[in-house]
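The next part holds the structures, each set out as structure tokens.
Both complexes shown next keep subunit A, but they swap its partner, so subunit B is in the first and subunit C is in the second.
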Partner chain A sequence: MNCIEIKNITKNFGKTCAVDNVNIKFDENKIYGLLGRNGAGKSTLLNIITNRIFADSGEVLVDGAIARENDEALQKIYLMSEKTYYPETMKVKDVFKWTKTFYPNFDVEYAQKLAEKFELNTNKAIKSLSTGFSSIFKLIVALSVNTPYVFLDEPVLGLDANNRDLFYRLLIEKYSENPSCFVISTHLIEEVSNVIEDVVIIKNGRIIKNESCESLLSKGYTVSGNAALVDSFIAGKNILGTDSLGGLKSAYIIGTMQSDMPQGLEISKLDLQKLFIQLTNS
Partner chain B sequence: MNIKNSYRYQIMDHKKSIMIYYIIIYCVTILMLLGFSLFTMKIGTSSGVTESQFTGVGSATALFLFISGLNSFKENFGMMLQNGVSRKSLFLGRAYVIATLSFVMAVLDNILLLITKSIAGFLNRDVDCLSQFESVFLEKSQGMNSVLLGMESFLYDLFIYVFAFTLGYLVTLMFYRLNKQGKILVGAGVPIFFIVIFPILDYILFKSRITLFIYKAYGFLMGTRTQQPFIAFITFCVFSAVFMGISWLLMRKAVVKQ
Partner chain C sequence: MLIDFSSEKAIFIQIAEGIEDGIISGSFKEESQIPSITEISVQYKINPATALKGINILVDNGIVYKKRGLGMFVAEGAVDKLCLTRKNQFYESFVIKLIEEAKKLKLSEEEIKSMIERGFDK
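What follows is the complex of A and B.
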């Protein structure tokens, strides 16, 4: 099966270990959420996968071929990063033209259509774009590039709510029409939780969770209500964490729900963002 | 490999600046010839007394290519990595770009020199129109037939251009790989050492014998002492190859700056 396989990747910056013996697989035609706090190692991992920086040890395989300095493997990957690596004086329309040269499946017409939707002036030079439009420009390229593996590092940085909504709709539309592997690295977990199929949580350079979103959220539940009631209910249970507000308390529990729930307690599904906070807080 | 696309992109990157350069150079040459046709001025040159002297644009082109080399890495590196091109393809693409541009510019410069010589002849003025090669190998070039002179002049320009371009590329790569302290140390330390410290030390300790040796070695390596241009061709080729070799060693481990 085609996939990107990351094997025993470790990367240190001086005394700081940014990525610590990471093993992970990104299968084709799936949308992944790569979640982690600031400095968790998400961008470092993406930069290693795309040959922008080198790992101290380990290897990245793209459809079975080693990705390091391998043009053929690298042509299957596109990374939209926070930093812009296109020449500052180049016009957006020229970036489209050159991307088509390097990625023959790049759809210039579709990119132009998306630029109209986002009201991006393609005659503008990259350096004159605002933070939001710079993200939009890179998103358009990423959505039009048509490679098997697309990595989006903080894709909605600086985007207003309308454009964020438009992006998620376009991503789903694109994925349903022409499925490929999208890996979204973001802090805005609540927004992506409805889009992603699999979740990869990275903490201090290590993968702490790697499973389907549905399976992860079905492993537990949230119980809310009067603090005293909640406290007595959660005693002896596997607790991820708790939130308190006044006399009310919410507890995030790993385990299956019992059928006879005490009166006055409200049971709901685990929330991905809450789960993420609890998993990465300690 | 993606060498073809890397080459195409890097050539395009130089297109505009080269066009501007040649528009300026051709305009300046025309204006100069116009000046020659209107005014006369007796000047002393190495070949005697003449009305005016035009020594080609070789030095300007070499300087232009050196500066082009200095500006050829950082942006292209980011663009290539963004588009899934390996460092190897970027480097090989650059090597072809250096060869192509040096060849094309050597041709254009020699055509300009021929045009200038023809116009000077037409104006019937005593104007010395010399290529870089003729200026350096004056004795040898006086006895050469025009075809051989043109060929050697072209080769001399070509090798100097490759040398200048590769040197510029090496310098920019070195600075890219160095950290902040290293940049300051190399950027300020090297010129200070060679301009100030070295001559003083050489004078005090060796009575300037090292400077004299360097001067003699330079004369030999450039072929000027023996008036053998092929020595210069070999010297430029060897140095260019060494520069490219070091450049590759620096590039293969280069990473994007985050």
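What follows is the complex of A and C.
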């Protein structure tokens, strides 16, 4: 199967180890969530994969070929990130045109259509776009580029709720009709938790979780109710963490639910955001 | 149809049950088309694999079938089939729960019976 394979990648900045011997695979035609706290190493990892910076050691393989300084391999990857490498005075519509010369499958017509949907004026220069519209502009390029692997680093930064909603719908529509690999790195976990199929959690430069969202979330559950009841129920169980509010308590438990739950306790499923917070609190 | 994302019930099962409800209530008639995987996943902002898993339950149970190149259609006899299954589940999913709650509230059998009668009279 085609994939991007990251093998033993390590990257230090001075004395700080940003990425620490990471091994991971991104399969074609799948949506991944790459989650980590600020400074966890997400962007560094994405920049290494796309050849924007070099790792100290290790290698990245794209469909089996080493990606470093390999144009053919790198043409299969697109990274949407905070930084853009277009001349700042260039107009949006010209960027669309130029992108096609680097990525031949870029769909200019589709990009124009999306610009209309987001009400982005394509006659504007990139530097004159607000934070939100700058994100929208980059998103449109990423959704129109049609490379087998698309990495989205904080795709919804500065977008209002309406535009975030529109983006997720467009992403799903695009993926459903024309699948490719999308890796979404975001802090808005709740919003993507049902969109992503696999989740990769990175902490202090290391991968601490890498599995399907469904299987990760099925490994545990949440109980809430009267604090004393919750405390007696969770004694001896594998607890990820707890939240208290006066006499009420919620506990996040790893393990399978027993069939005879004590009365008065409410059971719900683990949610990705809570799980993430518990796993990455140091 | 509504999806409760915080429910302990898996989303793909909620999708399957939501379509089933639509078939029983007549929103999706027999031999008519149901929404596509793309439509369902875009509507609820879920991964298409999740929507597919839900629809596949219906395919496996013979409730819907695929017409090549056209989409998914409600099978003939689907309503009767679903009603029968739901009737069989009625005792487990409603009656048992009703009695549990009633016992908690110290409601007598007579009181519940009269409530049910009241409900039917309405």
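Everything below uses one rule, namely that the second predicted complex is superposed on the first by the 282 of 282 C-alpha atoms of A that agree within 3 Å, B and C clash if a C-alpha of one lies under 4 Å from a C-alpha of the other, contacts with A are read in each partner's own complex, and residues count from 1 in each chain.
Rule of thumb we're sticking to: a residue touches a chain if its C-beta (ideal position, glycine included) is under 8 Å from a C-beta of that chain, and two chains touch if they have at least 3 such contacts.
In this text, all values refer to a predicted model and were calculated from it rather than measured experimentally.
Q: When the two structures are overlaid on chain A, which partner does A:Leu139 contact: first (subunit B), second (subunit C), both, or neither?
A: neither
Q: Pick one for A:Ile172: touches subunit B only (first), subunit C only (second), both, or neither.
A: second
Q: Based on the superposed arrangement, let me know which partner A:Phe54 touches: subunit B (first), subunit C (second), both, or neither?
A: In the superposed model, A:Phe54 contacts subunit B only, not subunit C.
Q: Applying the document's definition of touching, compare subunit B and subunit C: which contacts more of subunit A?
A: Answer, by number of touched residues of subunit A: B.
Q: Between subunit B and subunit C, whom does A:Lys269 touch in the aligned arrangement: first, second, both, or neither?
A: second
Q: After lining up the shared chain so the two structures overlap, which partner does A:Phe102 touch, if you call subunit B first and subunit C second: first, second, both or neither?
A: Touch partner of A:Phe102: subunit B, not subunit C.
Q: Residues on subunit A in contact with subunit B in one complex and with subunit C in the other?
A: Overlap of subunit B and subunit C footprints on subunit A: empty.
Q: Which residues, counting only subunit A, touch subunit B once they are in their complex?
A: 43, 47, 50-54, 69-71, 74-79, 81, 83, 85-88, 98-99, 101-103, 147
Q: Considering only the defined contacts, which subunit A positions touch subunit C in the complex?
A: Residues 31, 165, 168-169, 172-173, 175-177, 194-197, 214, 221, 263, 267-269, 271.
Q: So in the complex, which bits of subunit B are touching subunit A?
A: Against subunit A, subunit B makes touches at 1-2, 5, 8-9, 13, 75, 78-79, 81-89, 253, 255-256, 258.
Q: Please output the residues of subunit C touching subunit A within their complex, sorted ascending.
A: Answer in residue numbers: 5-8, 10-11, 37-38, 41-42, 44-50, 104.
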